[in-house]
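The following blocks contain the structures, represented as structure tokens.
There are two complexes below, and they share subunit A, which is joined by subunit B in the first and by subunit C in the second.
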Partner chain A sequence: MARTATAPGAPTTKLGTTAAELDDRLVISGWLRRTMNKVYPDHWSFLLGEIALYSFIVLLLSGTYLTLFFDASMREVAYAGSYAPLRGVEMSAAYDSALRLSFDVRGGLFMRQLHHWAALLFVSSIVVHLLRIFFTGAFRRPRETNWTIGVVMLVLALLMGVTGYSLPDDLLSGTGLRIISAILLSIPVVGTWVHFAIFNGPYVGESIIGRFYIAHVLLIPAILLALIALHLIILVKQKHTQFPGPGRTEHNVVGNRLFPTFAAKATGLVFLVFGVSAALGGLVQINPIWLWGPYNPAQVSSASQPDWYIGFLDGSTRLFPAWDMNLPGNYTIPALFWPTVVIAGAMFTVLALYPVIERKLTGDTASHHLLQRPRDVPVRTALGAMALTFYTVLWISGGNDVIALKFDISLNAMTWVGRIGMIVLPPIAYVIAYRICLGLQQHDREVLEHGIETGVIRRLPNGEFIEVHQPLGPVDEHGHGELAYGGAPVPKKMNQIGGARRAIRGFFSPTENPAQVELEQRAEDRGLAAAEGDRELTSSGRPSEGGRPSDGGRPQEPRD
Partner chain B sequence: MNTHDTRPGSTGGADTPGPLHGGPDEDYTPEQLAAMSLDELDRLGARYDGVEIMHVEPGPEPGSPLEKRAVRQIGTVFTLAGLCAFASVVIYAGSGWFLPTWQWSVSESGWSAIFTPLVGALFGAAMILVGVGLVLYTKKLLPHETAVQDKHDASAFDRATAGATLVRTAHNSGLARRKLITRSLAFMGGGLGLMLIMPLGGLIKNPNTGDPLGTTPWKQGVRLTRLDGSPIRPGDQEPGSLETVFPAVPGGNRAANAATMLIRLRPEQVAANRPRPGQGNLGYGDYVAYSKICTHAGCPVSLYEQETSRILCPCHQSQFDVTQGAKPVFGPASRPLPQLPITVDASGYFVARSDYLEAVGPTYWNRRRI
Partner chain C sequence: MSTTNPQSDPPLPDSGSALGTPVARALARRRSKLRRRWANVAGLLVALVLTGAAYSMFAPAQAAGSSNTESSAEAAGRALYEKTCISCHGANLDGVPRRGPSLIGVGEASVYFQVHTGRMPLARQEAEAQRKPPVFTDTQIDQLMAYVQAHGGGPTLPSGDLRDGDLAQGGELFRLNCASCHNFVGEGGALSSGKYAPNLKNATDLDIYTAMLTGPENMPVFGDNQLTPNEKRAVINYVQTIKAQADPGGAGIGRIGPVSEGLVIWVVGIGVMLFGIFWMGSKA
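This part shows the complex of A and B:
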């Protein structure tokens, strides 16, 4: 395409010509515009996945730094670094290099701690993100694929954590490694073969740190990166889900365009995630490996705890009774197999298949782009509460020795509490959650029918006292609201429907003229009186039909 | 469609360009576009992408007190971020130069103790402030717009045409008819697949060759030594005490499964002692030796509670009773800790009479067979 300087619309600034030069070569402006115009819904819970993504980036950066100094070898060396208490002690080169990272590399301790904190943040945000997806029904068709990818990424994240934690080869990580070895051995039939394939022989051998290292810095991160890319491509293709609300339908997305609002906020979040990990990495000590000492199979530090995300496995292992199964032919299925391989395997399998299970149970195969409020799907919410309770009992039992010590309870009692709790508490949680959902639903309907309690008490001519209710919309001849519930939050306080004026801005002294604000609000038709007049409650909410999408601060109206 | 010349040997003949890539250039001449304002162009493009800008709340008015305040605030935040960043660099680079050295000594006090927290806190604060500044900027200074974008279902046209291209090729390939080819392809695929994962065979080792899981460095005549290598005689320990011992072979004190507990029972424990059937005489006098490797998941059992004669494993709280042949009495472990047969050699030091009579450590599938 030939351009001349005089062509209409031709760029005149230096930046403009550069951009035009670029576009001449790459033909990229159409794609760029589409990308920048893409609309993203605005809800805090949508940030959770982003936090996971950004902490992964922090992990990539800090982890790569660590590889510059870390030596993944189990060769025996005598420590000669600057941490005096361990000088001269025999240890593996891995532990030696992790100590050097902590004491002899300028800023190395900061990077190690930053890496560890970012790892905790990474797994935590994945889990909370997953809960958000679960309880709002965002995994329903067409997003089952992304749900499954998400579960796989969670498992990989746990594997990253386990392999990473094992690398420094200190006493604590060695204890973890020993348990991993026992879990592998416990697998029926092939267990010993699998163990020998992974450890290159019996426990502990000389290979495992090197193998975990390559898994930790190359294999699993590469798979994770590919899955993250796939996750995001599918997300962009399918577009985000959104909570129901005015103007929001199954066929649109209401929110901010990528550029500039979403991009600016997302960039801000990158810095926040990095900053929080860095501040924690500097200020809060984590995994002080020099205190644990080098690994020795004959030693253990008491009250040793794994990182939080492995705690549930530790708990299930503690609670499961000593039921070795002796099979004919002198074969054994060790008790350890059930609480580790089977329970964890079952948990993640059910999790991964949940969308399919729910589809089968409800027969709902339609596509959904609008989210559900947890209260509107009591069975799913109650199932989630049940699963969470089960998980929490296991998790707490993972630290039952610490609790027993702190509160002076007998350990055996704690174990029994856990054993009984893990069976009895989940159904109770199910019933309670189910009841709460129904109660909340009912309250929503009540407010829609009778209006919001205003707190104004009026005395009727016959002497009866009544509380005045503010209807949310048009009412029928009995004074009952005619609004149907649309899946969006129902306002329950007068302030939520503009009963109060907006606050005057300014922290120490007002930066606005109150009278001016008052006028502005009148002009904008805000406030209670205005809200009663023009409501678009009967339209579909589709922008083309004049519906008005919500913008945060405005009174929230149920859709349709 | 432009018509390229396709005669053999032709370089293309008259090469006329097709329509421009992307947007609806036929509908808008460059002159029209040049005459539109930035806002109009922005909305035009958005609409073309299926995005409708529903509502715009403009940012604060230029020059208004609200704007000035916000600008001051955000400017301060960014400046502070820069300050923190520079300070972090100064501390990082200056330690050991014009600041005290950063390296830890044993004392863990003074500058070296606050070096990492300081660098980290300033580093983190700088990043957090940049984030806060960006968020404040979007919240306080940028216009807030609410946009709606249409979501489209799959196009039947795309589906039909793309499907046709695929199915047509499948027909043309004739794979459905040409059975020999499909069969040979399946055969080939199987072979290649196997061949590609074949090298993983290098990982496989037979766990049963030489019974590595069932043997430890202990054997007849090997002395029981402490971590520092010193041998032990009867009477070195008080009754009721426990000592971790290792086989006196090279590397014995680091061997994964060799760690053993040498326990001297108190008289009342001796009286109450009920060893496992058939293992009554593995001890020596009031001494017994049990494997330290937990039969549950292999942690070293470590806490010995004399009054109850119980040994506790810190990993999952299994408890073993030393007066009952180290039988598990609570927790997830299912097997007793194996007992090491011991005696005293000619010079009066403890030695093993043989290796353990069974595999030590966690249970596995064919443990009882070897």
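This part shows the complex of A and C:
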């Protein structure tokens, strides 16, 4: 076949011509190349946020299925579905359709459970992601905006949860709505008006399910989607942070390109998130609304709890004393106002403003792209530990009646443990975390100065016993290491620097024969030089400064 | 239920004499001990005695009749009572202050519930009597029931099919009357200061019925005016149906809702995810 002449560099394959045609029309190749070449750091903790992203996708998909069958209406109906213990009971159409969805729609119960588990996973992974960002200092300039967006998304995720679990109008969620109504009413001055604006009346009433429904399926997800997009665009624009290490500087990102390595990883993670949500949805029962019964304001059950992420507010309410403030003029601020509106408001405000607060306190206004190890910023780490302890005490107190019952403890004792604990434990956690950070710092410096403990004990002629240390790099005339600490992990065991043979590969079980590896390494020159190639060593990012074990020579005795 | 019976009627002629001399001697001892205190309230006492005497004259026949002839079951029951119950419930079933309430008028239903679930005799005085294997055999429980029933009467055991009630109505009644302490599904709940509403896992039909009828410990009495026998049967039907029902959604994780769900998502969900990304990290 005679070919027509093509311009040099023009595509010849079918795929190539298609791509060229597409680029002719959409002018996409430049953007695509930049995107596909984007570098993602390798560290596992950079995938935490993606768990949240993918569980959000699970939520969108499963939630769409649920909307096909759910009827967000408070119309009174008598149940006539297949769940016998409720047949004939008067209930709202919302609860009725949620029951039908569970028992009479193919795959309905699975989808409901999948959706609910994915929601719990969504919020949990956001929290874990936030902790990673916090403790490594990834929120510092220039990333304060993304931190704030993240906190807003966390609050929106909580709102998603609240509006979502209120929808089935069962006895548990109805109790929750009643509590939300009480919280709103407790706000001074504007409380009543806010309550009327949200519930359209002085009681929880009948408008709320329809309103929450549209908020849950349209408004909040749309805002969340927009914020997620913004979060990611800013992330791409600002590029990833990374942990310090050899070759990693403030001006580069070391890792894998989006395509193919990172794309493969991300795909794997998508399947993992889908798999975990589906496995939980299929195997573990969540929110069995048919056991709770329809909502009736006259009824309430013991052990009525919100989902875990609202539990801390339940806890703070349980711990706070019943201090109603009676002001002149027959005006009362109910005790409920402080533990729910004030404490929660303060917690999220401090969280959102933390980057600003830290900048003010430290005076550090420079741009940072290298992360910090939590031990290197003991104050922040200790503050984080303190906040976590406070949160955990509130959180545990949210379930204190269940804990009291299951572990045979007095509920009053649980309440007092919580009251005292929320004040006493956070400072203790601060001190302990701070000391641990200092201790870890000190150990890093010690290893850099004196070398790794080899475990070899030598007896000197005068009878003294010393342990032989392996310096990490060149040493001065006293035998002290000259390496500076660069913010990266310091090897602390001999086999981390190839002193023993290198570690056998394989995550679940060894994929290599240890003896073979041993032999291979013996064949090489002492094993040290060979192993150090794939080891991360301490440096400030400039390899010339970092030493290598082979430079350091043989294990040396301290010569002080 | 109050722990002290209004110092019931030492001078009353009817039941005291039937109990024989040791009881009379004990009463005499107590009288002498408490004489000084009683002198202060003598006026009140006279009024009480007069009321009691008047009551005993107009009281239903079986209350008076039981004191004269004691069946063999009652005698056996009394022997058991005097061996194991008397230290807290008193010589004349009239209770001991700060130890045990009077049993006059509690009825056989109460005895059945307390003894059959092993709550009585108590292991020790504590916030809540624990359910444990019963100390007495069924025959012995019948004898104790006969003895207590013979002294003051009270609620009796029901008969017939105790699950003969409407399931859905039972659910509504359960959520309205029981769930506030016993939880939606009868998992139980904590009360103040170490007291608790027990879970209904091991409760038999008759246990639940007699508990509603007699209101043990902190539980209110659901007499036949509050819940008719039919409604009680409906509640029992609901509780037992829910208990036996499989969890269609998979593992029930205690059926206590968000607390165990939160535990599962953090331990299993986040646990597996962290393991997964760790694994991916190591594959890099």
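What we mean here is this: the second predicted complex is superposed on the first by the 497 of 560 C-alpha atoms of A that agree within 3 Å, B and C clash if a C-alpha of one lies under 4 Å from a C-alpha of the other, contacts with A are read in each partner's own complex, and residues count from 1 in each chain.
In the analysis below, a contact is a pair of C-beta atoms (placed from the backbone, for glycine too) under 8 Å apart; a residue touches a chain by one contact, two chains touch by 3 or more.
In this text the structure is predicted, and so the values were computed from the model without any measurement.
Visitor: Should A:T349 be classified as contacting the first partner (subunit B), the second (subunit C), both, or neither?
Guide: Neither subunit B nor subunit C is touched by A:T349.
Visitor: Should A:I286 be classified as contacting the first partner (subunit B), the second (subunit C), both, or neither?
Guide: second
Visitor: Is A:L405 contacted by the first partner subunit B, the second partner subunit C, both or neither?
Guide: After superposing on A, A:L405 lies in contact with subunit C but is clear of subunit B.
Visitor: For A:Q442, decide between first (touching subunit B), second (touching subunit C), both and neither.
Guide: neither
Visitor: Once the shared chain is lined up, is A:T362 touching subunit B (first), subunit C (second), both, or neither of them?
Guide: In the superposition, A:T362 contacts neither subunit B nor subunit C.
Visitor: Please determine whether it is subunit B or subunit C that touches the greater number of subunit A residues.
Guide: B
Visitor: With the two complexes superposed on chain A, say which partner A:P334 touches: subunit B (first), subunit C (second), both, or neither.
Guide: The answer is first: A:P334 touches subunit B but not subunit C.
Visitor: In the superposed arrangement, does A:T18 touch subunit B (first), subunit C (second), both or neither?
Guide: In the superposition, A:T18 touches no partner, neither subunit B nor subunit C.
Visitor: Contact-wise, after the overlay, does A:P85 reach subunit B, subunit C, both or neither (first, second, both, neither)?
Guide: both
Visitor: Under the stated touch criterion, which partner chain does A:T64 make contact with: subunit B (first), subunit C (second), both, or neither?
Guide: In the superposition, A:T64 touches no partner, neither subunit B nor subunit C.
Visitor: Find the residues of subunit A that appear in the contact set with subunit B and again in the contact set with subunit C.
Guide: 84-85, 103, 109, 113, 256, 261, 265, 268-269, 272, 276, 280, 282-283, 296, 298-304, 400-401, 411-412
Visitor: Along subunit B, where are the residues that touch subunit A in the complex?
Guide: Going through subunit B, the ones touching subunit A are 17, 20-23, 29-31, 33-34, 45-46, 49, 51-52, 54-55, 57, 65-66, 69, 92, 95, 102-106, 116-135, 137-138, 142, 144-153, 203-208, 212-213, 227, 244, 246, 253-257, 259, 292-293, 296-300, 302-303, 314-318, 328, 330-335, 361-369.
Visitor: State the interface residues of subunit A toward subunit B in the complex, per the touch definition above.
Guide: Within the complex, subunit A contacts subunit B at residues 1, 7-9, 27, 29-30, 33-34, 37-39, 82-85, 103-104, 106-107, 109-110, 113-114, 175, 178-179, 181-183, 185-189, 191-193, 195-198, 200-204, 239, 247, 250-257, 260-261, 264-265, 267-272, 274-283, 296-304, 314, 317-324, 326, 329-336, 339, 367, 369, 400-401, 411-412, 415, 505-506, 511-512, 543, 548-551.
Visitor: Over in the complex, which subunit C residues touch subunit A? Could you list them?
Guide: Result: residues 127, 167-168, 170-172, 175-176, 179-185, 187-194, 196-197, 238, 241-242, 245, 247-253, 255-259, 261-262, 264-266, 268-270, 272-274, 276-284 of subunit C touch subunit A.
Visitor: Under the stated contact criterion, what part of subunit A meets subunit C in this complex?
Guide: Answer in residue numbers: 42-45, 47-48, 51, 84-89, 102-103, 109, 113, 117, 120-121, 124-125, 128, 171-172, 256, 261, 265, 268-269, 272-273, 276, 280, 282-288, 291-293, 296, 298-308, 311, 399-402, 404-405, 409-413, 507.
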